[in-house]
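I've put the structures underneath this note.
The two complexes that follow have subunit A in common; it is paired with subunit B in the first and with subunit C in the second.
Then we have the complex of A and B:
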């Protein structure tokens, strides 16, 4: 194994090399740095890197810890003390987080080394990372396509071998959808499973931090480190955390998988549908029982999601006003002008659109018709899932109705973009867990673009969907394929 | 035409918790600016609030003290508006489910301003409350020549908002309400309620209407009053201003006014057109909690309230209703009295000493009962020495002065100075004989039926004994001898 081969490895493989002292944490960082230099010019996954600090951590790294010496990339919406936390927004220009998010403390306690911050849609609002106010991130499989979003930087980094694993955040699909579009694994934990302290809030009742990795086992390893109760986040659940990695090896005999009829609708790309059908058959052949189920309120999910998420966002983003940190307009006439211009100049169009929408749905006279009604329907959606989970252990669907699309293809019509969340946002509304794992390719213009299979699990049943995803992954070859830009270097 | 005023108060009370409402920063008045801050109370990106359960308990305790209904669930909402004092540009508050509803405060005579205590319109008036809710305080701006600085030490301090019904009908009643409320808050240990430290702040909603008109007049709000007497003055000004306006046929509009204490005037701040739409919605960062456990914790913390204490003092210590009122007015004074009166044979005499000599000495020395140099048991010892005839009342005052100045105990001072009352009959009789023979004219006058010389002769006996003779005994013996 040479330094050139290191970036292609997953976390589990790295661990054995590190523990046998065949490679040192510093050598790993070195290899990663070299690879980023070559690849990231084209992919654009990273917003900032701090190898100096990472090297220092690597020197002291205890490789016998669960993630000892493993570098992890962090979506640039999670606070790492001393590092920028831009949320890909001009409004946080110059801001450095003065404290660590709880997940960063937990990652470090497990021995992992955060070394760089990845690109995203501004404040995690978007499904293609095109809403980044800083730069473009390209899909490593096809550079003219988007990597998905909002955790597009984290997904593109893992898929292009410039990260062994990464943290992302998922508010309506922002981990699972980019994982699907870049052919990797992405897990959205149950709401409250992972602390949100230090995660810059987009929609507080929907946001969750989770891993993006090359394999299901790696996702389990990161979950082992970051899951658990945090007294600093009163929405975090005080429930025991199982060892997700130990629980992986489990066959699928007797497992009931529900196929929600509302998720096999028109508008799904035919190649995606074919891949999902084949995945269902395959899971059945592994011993899983497939049952037809119904989530009758699915059609309202996107509307409910955009009402509640924007309402919460309108308040969450009010603090970005240029008074204490970040971007501040020049020579305002008065206080109102200061607020107006700072926010006008600092936020991008999609963020402004959502703040306005959220402000509107909370306004006096509209609150009952929008916000309150959306809360009631959210409860119905939650009940849909609890009923279905009486019949099925997990649900199967496509992660995204389409594979990666071209830049600009969906930006003109925000609704088109919002619809890429249709299979993912219900899980956030219901607070359940979900995972995306690769299940095939679409061939478009002679290019291969990955397709993701989504598994949705009961609250706190991450271990189960990891087991199913692992069984699927290990009995298929999809995870062995790698993006062309990474493949050329793997074989060089 | 006769007009009536209806006033409702919104009182903000800073709770005396050790840490802030949603973070672990200490609550401390007067610290260096921005030294008690953290990511949470600075509203930094990613920081999350966590409820301070002691603040919830103190609010529930206040609710219990004021006879409120306690909500089964404690829920917080976000109140959205932009202001530099508010780091998140929303305030975490309670909108549709306040912790406490209903309840009341009764106005005791002594809570009225001194000059108004003789003309109380409605004795023992009860002012009913609408609600009490909990929220976080904002930061404080300081305006400099060319800039404004913000001190976030105060940001996030637990703040209780107490809202009354518009049942207050005069500035004096408002004064009495605030004084009574403050007393109860201090009794419960939930706040020091010092207005000058901003621990108690008050907004007033005032409307004036012709006496015969049903329903309330136009509501005008006054903000920025920073003392209870300021509230009284502002209300007096504003009620008169509104009456004068109505009398000249002016139509009043709903508006918010400020109070300029130096000028003694209210001034227009904003009209209704600029009213905010606060867009309240439940704070998704804070999971609602049930109040059942809080209630159980707090029930045992409900103290004896001023009203009950006054009644008990009258009954248990035989003090007058007025004295009981003065003693119970100040919790520290009441505690001092009870500690001193506990073992006293005549607790009423202890009360007299406290309310007269001790209060005078304290105000003369610029001290309060909290830093009184005489511990209550020591005062009790002194009163006992007098009541048992061991020293005279006059000697007592001398001993008291010495105790107050040096902190020494009465017994030590008496011993040191050789102070004792001469109660030995034969010794006093000898002194009386000496005085009578030395003052034949006075003795003759008394015998002729003029009583006045008796006091003169008694004074001579006291003088001869260097003040040590028991004055009562001396009087009795003189009278007996002169009449025989």
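Then we have the complex of A and C:
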């Protein structure tokens, strides 16, 4: 094993090398830094790197801890004390987080080393990372395509071998969809499973932090470190955390998988549909029983999501006022002018659009018609899942109706972009967990683009969907394929 | 539910303390009009008797000990302020 081979490894493989003292945490960081220098010029996954601080942590890293000495990339909306936390927005230019998010403390307690912050759609609002106010991130499989979003930087880093694993956030699919579009694993935990303390809030009733990794086992290892109750987040659940890695190695005999008929409808790319059909057959051949189920309110999920998410965002983003932190306009004529211009100059177009929509649906005279009605339909969607989970242990669907698309292809029409969340946002509305794992390729213009299989699980049943995803992954070859930009260096 | 024509982007922008250019106002008027037309579909459903879900996992009344603990110093709290003096945030004059 030479230094140039290290970036291709997953977390589980690194652990054994580190523990056998075949490689030191500092050598690992060095190999990663070299790889980032070569690859990230083209991919653009990172917004900031702090190898100086990471080196110090690596020096005293205890490799016998669960994630001892493993560098982890962090979506730049999660606070790491002393580091920038831009949320990919001009309004947070120059800001440095004064404290650590709970997940950062937990990662460090498990021995992991946060070393860099990854790009995202501004304030996590988007499905392609094109809404970043700072830079473009490219899909490592095809540089003219988006990496998905909003955790596009985290996904692109893992898929291009410039991160061994990363944290992202998922409000309507922002971990699972970029994982699908870049051919990696992404897990959105149950609402309340992972503390959001120190996460810059977008939509507080939907946001969750979760892992993006090369393998399902790696996702389980990160979950072991970050899951659990936090008194500093009143929405975090005080429930025991199982060992997710130990739970992986069960076979699928007796497992019931629901196939929601509403999820295999029009608008799905035919190559995605073919891959999902094949995945369902494969899971069946592994011993899982496939049952047809119905989630009758599925077609309303995107509408509910965009009312509730924008309403919550408009309230959460009121804090960006140019007084306590972040960007501030020059020479305002009074306080209202100060607020209006600070926010005009600091926020990008998608954030502005959502603030307007969210403010409108909460405004006097429209609250009942939009916001309250959406909350009621949300309850119907939640009940759909409760009923279906009486018959099935987990549900199967595509993660995204389409593979990675070209830059600019969907930006002109926000509604078309919003509809890419169609299979993912219901899970956030219902508070359940979901995972995306690669299940094939689409061939477009002679390029291969990954396709993701989504598994949705009952609340707090992450162990089950990890187990199913692991069984699928280990009995297929998809996870062994790697993006061309990483492959050339793996074989160099 | 209201029709999309009820949305007055310029008015809502004032409520949101967010200045918009004329071009942005017109663009958002059109784009958000389309989004509001799309969400009209929620009117098809009968939601009478359905309780509103504030979030997916029902948890209520979360309390913790009201105990003092170490947190930011004034200096740390001001460390990101664009303008500050004497331990205070500076804002434009609000009273004459």
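The rule we apply is simple: the second predicted complex is superposed on the first by the 492 of 492 C-alpha atoms of A that agree within 3 Å, B and C clash if a C-alpha of one lies under 4 Å from a C-alpha of the other, contacts with A are read in each partner's own complex, and residues count from 1 in each chain.
Here, a contact is a pair of C-beta atoms (placed from the backbone, for glycine too) under 8 Å apart; a residue touches a chain by one contact, two chains touch by 3 or more.
As the structure is a computational prediction, the values presented were derived from the model and not from experiment.
Using the contact criterion defined above for the overlaid structures, shared-chain residue A:307 touches subunit C, although it does not reach subunit B. When the shared chain is aligned, subunit B comes close enough to touch A:319, but subunit C does not.
By the touch criterion defined above, A:369 lies against subunit C but remains apart from subunit B after alignment on the C-alpha atoms of chain A.
Using the contact criterion defined above for the overlaid structures, shared-chain residue A:282 touches neither subunit B nor subunit C, since it reaches no partner. Legend: residue contacts after superposition of the two complexes on their common chain; A:98 is shown touching both subunit B and subunit C. Of the two partner chains, subunit B and subunit C are each touched by A:231. More residues of subunit A are in touch with C than with the other of subunit B and subunit C.
Within the superposed three-chain model, A:90 lies out of touch with both subunit B and subunit C [touch as defined at top]. In the overlay built on the shared chain, the residue A:198 is in contact with subunit B alone; subunit C does not reach it.
Residue contacts after overlaying the shared chain place A:428 against subunit C, while subunit B stays out of touching range.
Counting contacts by the rule stated earlier, residues 95, 98-99, 205, 231, 234-235, 314, 318, 321, 323-325, 335, 339, 359, 363 of subunit A appear in both its interface with subunit B and its interface with subunit C. Touching subunit B in their complex are the following residues of subunit A: 78-79, 85, 87, 92, 95, 97-99, 101, 196-201, 203-205, 231-235, 311-312, 314-315, 318-321, 323-325, 335, 339, 359, 362-364, 367, 371. In the complex of the two chains, the subunit A residues touching subunit C come out as 94-96, 98-99, 190-192, 205-206, 231, 234-235, 237, 297, 299-300, 302-304, 306-307, 314, 318, 321-328, 332-341, 343-344, 347, 349, 352-353, 355-357, 359-360, 363, 365-366, 369-370, 372-380, 382, 413-415, 418, 428-432, 459. Chain contact summary for the complex, subunit B toward subunit A: residues 39, 42-51, 78, 80, 82, 84, 87-90, 150, 277, 279-281, 284-287.
Contacts from subunit C toward subunit A in the complex involve residues 1-2, 6-7, 9, 12-13, 15-21, 24, 28, 31-32, 34-36, 38-39, 41-43, 45, 47, 50-57, 59, 62, 64, 72, 76-77, 79-83, 89, 91-94.
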